[in-house]
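In structure tokens below, several structures.
In the two assemblies presented below, chain A is common to both, partnered first by chain B and then by chain C.
And then the complex of A and B:
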């Protein structure tokens, strides 16, 4: 049994990176060097997960590093590494300190565990581990009152839904007499079983900012440092969607009531997210609502309860996270108002074109990651004849082009207002952004083999 | 007869509609609560008519149950059981409920959170009705706990003040102690018979091992003692008077506190199977009846007098049930519910008029509050047990039952308690309504406050004559009072009243009873210290607990934090961030709300107005809607 423990080495690396940053004051080069070390360790962890094989159930069946977990963990660790690299290069805005990296790495460790979790208790603890640091990240700028306010709202709502979820977990345990995913069953438990699943899902859906549990996201994002948003709005979503898929497939794959339930959340998220994003002028708010909308797309694939659907969702979670993180990092460099990006094409043409690529991926234009991701999402829904979801998904994608293109127009034809852009040149940050462009394209081109690997082994 | 299920559902629905509304809208639709309880009253009348003429003990006029879940192969269900006992309780709860709600329209109309008050009051009524109608112990327990919650919310209704907040916690925690006993009792019961259904459990109780029956019965009794404020778990009820007076009338006098008595009456076969448990019930009741009465006699706060009086009268009911007079106990529950809620409502008018609760600052109210003094007087005479008011009949039945069963010591205690009761009733009445006026601008209550009191007074005046029919309705032989018993109990009550008049009613001056107190010496101190119950709990339970908690937090602070701080300064920065949450968040919150409110425009943005309470409400609202949908759609 002990032999499988090397599967935890990536998590150990990430935690080591986090500790290195915490104790960074004792290192040569101080916190900057420590942040680089952390980024390197996270990157190493991502590589290790990607090349390392998969394994069966471990630690009394509480975790299982299977192929889906491998993909998701690679995504979590890789994106964390990129983010840490960017922060190491530029620092958090307004703050010189870089210990935010430690928080992010702790959260990433929790997220990676969450991807492997096969037990309610491990799931809950990993989920809390991945969100606790996020509260601090959102309130990272201590002197910024609105940031603290947003972080507190995030905390309060997240705690509320966590408690609701714990309540659901206790019912699940009561009904099935076990906390292991494999033994969860609500067969014959009637309405109580469904209510238990609903309560559990509320906690997870809220952390994924799915409507109607999304209220914290716009306020929290709009107050926080854009670099914090870049991390919090993306990486935890990968882990979250993975564990939701895992949990749903374990409990009740094709119970009609559950299908409708997830579909309702999906429809609400798609409509609300896309419509509310339209009038926003702050990039963080815009991306918050865009995040709600994308969670709606993810849920669309989860609704049918099929393996291809689960695989598509996990794939799209990564495909969404890449460009979304990138856009927020650009906001951290250039300013959070859309008008701050005016004439970006003239100032930094490469960056402007990169933003175009990311936004196109978010809309879902081939051959980028977002296109294939959405293709598989819609395909999973079509297979199960959830036509309403598909039609709404396509229509709202068209709507989303509206607000994404507003950003593009601003970059190329906007009138510059005042001085914008901090203009700190940082090679490391550039490398991070290049990696995000490359990832967006490569994952798009390599979509079908990646997804085959996921779909074949899931469930 | 499925409409019976609507009796608890109507008020519950009213609550469900009111709860999620904003404060302003909720305040305007407070009539919804009145309507919900009023509807329940009408349906209860119909239900009562369908049970009439009763007469067969334990035979249900209507019984239905709906499974809600299956766990481990066992069905859990909600069920409705309408039998004569439940039908009577339905009427009591809804009549008192409607009276209190109408009264509250006048009493609470200036409060800025009046809507919430009505919502909770309505939820409470729904829970009590569900409890009365439940056909199994689990649903009974659920309704019981909802009432505990409502009680907490109502006692602490004015939570910006210190006293109500503390009182609500005390009430919640003290009754919780009893509830733990109740829950353990339920677990043992389930382990024994594998069911919570009244039919199954009570039907088989006679065949249980005596030890099991005793254990279950005593644990249920412990739960009942918490809810019904029996010694030594009575300490919460006097403090609970910090809540709004009409809420006290409904909850802490008429209905919820009677739930404990009702529990014992429902589970009577278990108590009878045990035998010992009945004796314990009787002893607890007798002690409480006397101690509560004595305490009521030294209180100066008019509501506290009534609170201790309630404790004492509940003790009377336990005493009756324990002595084998379950019917007499239930009848006293009914009469007490009416006259005690009447007294509390009257106390509300008095407090409104005199702007104080201290009887020493009152006097001569009879001339200025004619309606109140008459109705209150009727309630007071009923409480003292004077013919022909309701208390006379039920008290007489209890005394008769105790005497008849040969519990002579208990009989003596009960007589003594009756004497004390009459004394403090006289003390209360003479202090408040006679003597010199000490307050200016005395004004009678609003019409909507006086009308319910009139109704309750009328019921109190005539309901006693139904005593024999009450027994027959519940399937027992009814009888008119025994003349000898009636004369002796009346003599005791009258002498109590006479003593009260002698001490408090003769003088036309502001009273000074110091000489009386000094002569009674030590005994008076013991009484004013409430037999040292609170002090004992404070000293032996609460303080050690607080000390333990403090030393734990010191350990956290010094050992754990110290280690962390020593390890790295980085942790300190993290804690700083956490501290600044505390320090700045209040300001930030307020500013942020204002800013966000200014910015909010469209419909979607209005929801996203920045108020975290609104968000939480929306989240929970969505959750409730989805749950409702699941329940409606079914598995």
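And then the complex of A and C:
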């Protein structure tokens, strides 16, 4: 029971990094140096998770570092490292970097723990740790009233969904008499079981900004600093989808109606997200709606309730997070309006072509990460004959090309309006963006061995 | 403790909690109302103690009587511009009345119908020591993570309340 604590070393590294950055007033290099240290520690954590083995249930069965957790934790820690590196190079919209990076590391630690969670109590507290820093990051610009308004909306709605979920969790505990995922059982609980699952799912889906609980996301994102959005809209999603997959695999066998519920949320998210993204002119709003749409794709793989579906969803969560974070970081460098990207191809050709790669991955063009991700998602749905979902998924992917290509057209043929984006070269930020391009390509090329490793142990 | 001593303590505490609630609702001074609420919370803590739920009683005193009511007083005193603003006429709101009536009906029906299903109190109640042991062995992981959550909340409060930029 008490062995195998070295599985927690990556989390400990991340928390140590957060504390060092937060309290180390005299770290070498002051504000900037602290962000580099954070990036290095998060990167080391990602590496440790990736090379470290997997293990069975630990700490009274409350966590289990299996292969799915390993994949998701690597994604969370790695993306946090890349984000911290970018912040070290570019800064946090004229505010101090240190606190932002420390908060991001706390959120990463919570997310990594969430990926391993096998108990309702651990799940809830880890979810809180991974979302609590996001409220502060969303309102990071203290003098920006609209940003604070967005952060307040996000805070209140997120707290509300937390409470709703906690209410559902209390019912789940009451029905099954245990908080361990393995012992959750709603068989024969009738209406009470349905209510418990509904409340829990509503809370979790709202945190993932799935339609019909998505309405907070565009407003909150549009007011926040784009660098904050880059972190908040991607990293917590990986951990979130992992824990939803786990929870569903624990309770879905008792409840066939669950498939319908998740499928409905999936259809609504795909349609609403993609159609609402079409007319947007603000990159943050566009990516917010695109995030809703991608949550829809993720839910499509969760709907069948099969192990391959869960593995596909976790894989796609990482495959989606990489390019999505990258596009938001570009928005943080160049400006948040789509027209701010006009003539980017002339100013910074490499960056423009990188953005093309990320957008193609988000649409799902081979051989990028997004293509294989979607392939497995659709495959999981086909296996369970959820044809409506598959057809809708493919159709809305084509629709999504419409708004992504609008960005591409602006970069190559757009008329520049005024002066936008200053050209201070930052090696660290460039390294971060190159890492995101490489990740998008490499995950695509290594998709099949990665997914095989994932599917083997999930369930 | 003998049965009669228990009964006397219960009557006193029950009277204190209900009386305090009535006092809170009828007073015209909002600061007095906050103090009445404090009295209700302490009395409820005493009721918990009477039921041998020591831990719950201590938590009730610490969190509700200690932290929450002080927070309320802080908010009232920081937001009041003039001393006279604290005195308001008693308002009878219809919505509140309906809510109270619904709540009362539901509670009455629940107790009248399911009251007999309440189980017997166990002779030996798990004491605070057992609870503490469980908290620091089996549930040590979530317990420690909770401290990180509180730290993040503190950092956020400091971040937003601090003026200026001292990088």
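In this text, the second predicted complex is superposed on the first by the 451 of 459 C-alpha atoms of A that agree within 3 Å, B and C clash if a C-alpha of one lies under 4 Å from a C-alpha of the other, contacts with A are read in each partner's own complex, and residues count from 1 in each chain.
As a convention for this text, a contact is a pair of C-beta atoms (placed from the backbone, for glycine too) under 8 Å apart; a residue touches a chain by one contact, two chains touch by 3 or more.
Predicted model only: the values in this text are computed from it and were never measured.
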Three-chain arrangement built on chain A, chain B and chain C clash or fit: clash
Partner chain in contact with A:142 - chain B first, chain C second, else both or neither: both
Touched partner set for A:271, first chain B, second chain C, both or neither: neither
Chain B versus chain C as contact partner of A:39, first or second or both or neither: neither
First, second, both or neither for A:220, with chain B first and chain C second: neither
First, second, both or neither for A:122, with chain B first and chain C second: second
First, second, both or neither for A:106, with chain B first and chain C second: second
Touching partner for A:62 - first (chain B), second (chain C), both, neither: second
Which of chain B and chain C A:15 touches, first, second, both or neither: second
More chain A residues in contact - chain B or chain C: B
Touching partner for A:132 - first (chain B), second (chain C), both, neither: second
From 24-32, 42-50, 60-68 or 150-158, the chain B stretch with C-alpha clashes against chain C: 150-158
Set of chain A residues, in rising order, touched by both chain B and chain C: 22, 99, 102, 136, 139-140, 142
Touching residues on chain C, where the partner in the complex is chain A: 138-142, 145-146, 148-149, 151-153, 155-156, 159-160, 165-167
Chain B contact footprint on chain A (complex, rising order): 21-25, 97, 99, 102, 136, 139-140, 142, 145-146, 148-149, 151-153, 156-157, 160-161, 164, 174-175, 177, 188-195, 198-199, 202, 206, 212-213, 215-216, 218-219, 223, 257, 261, 264, 272, 275-276, 279
Contact footprint of chain C on chain A as seen in their complex: 15, 22, 30-31, 59-60, 62-63, 95-96, 98-99, 102-103, 106, 109-110, 113, 119, 121-122, 125-126, 128-129, 132-133, 135-136, 139-140, 142
Touch list for chain B against partner chain A, complex: 67-72, 76, 568-571, 573-574, 576-578, 580-581, 584-585, 587-589, 591-592, 595-596, 602, 604-605, 607-608, 610, 612, 614-616, 618-620, 622-623, 626-627, 630-631, 633-635
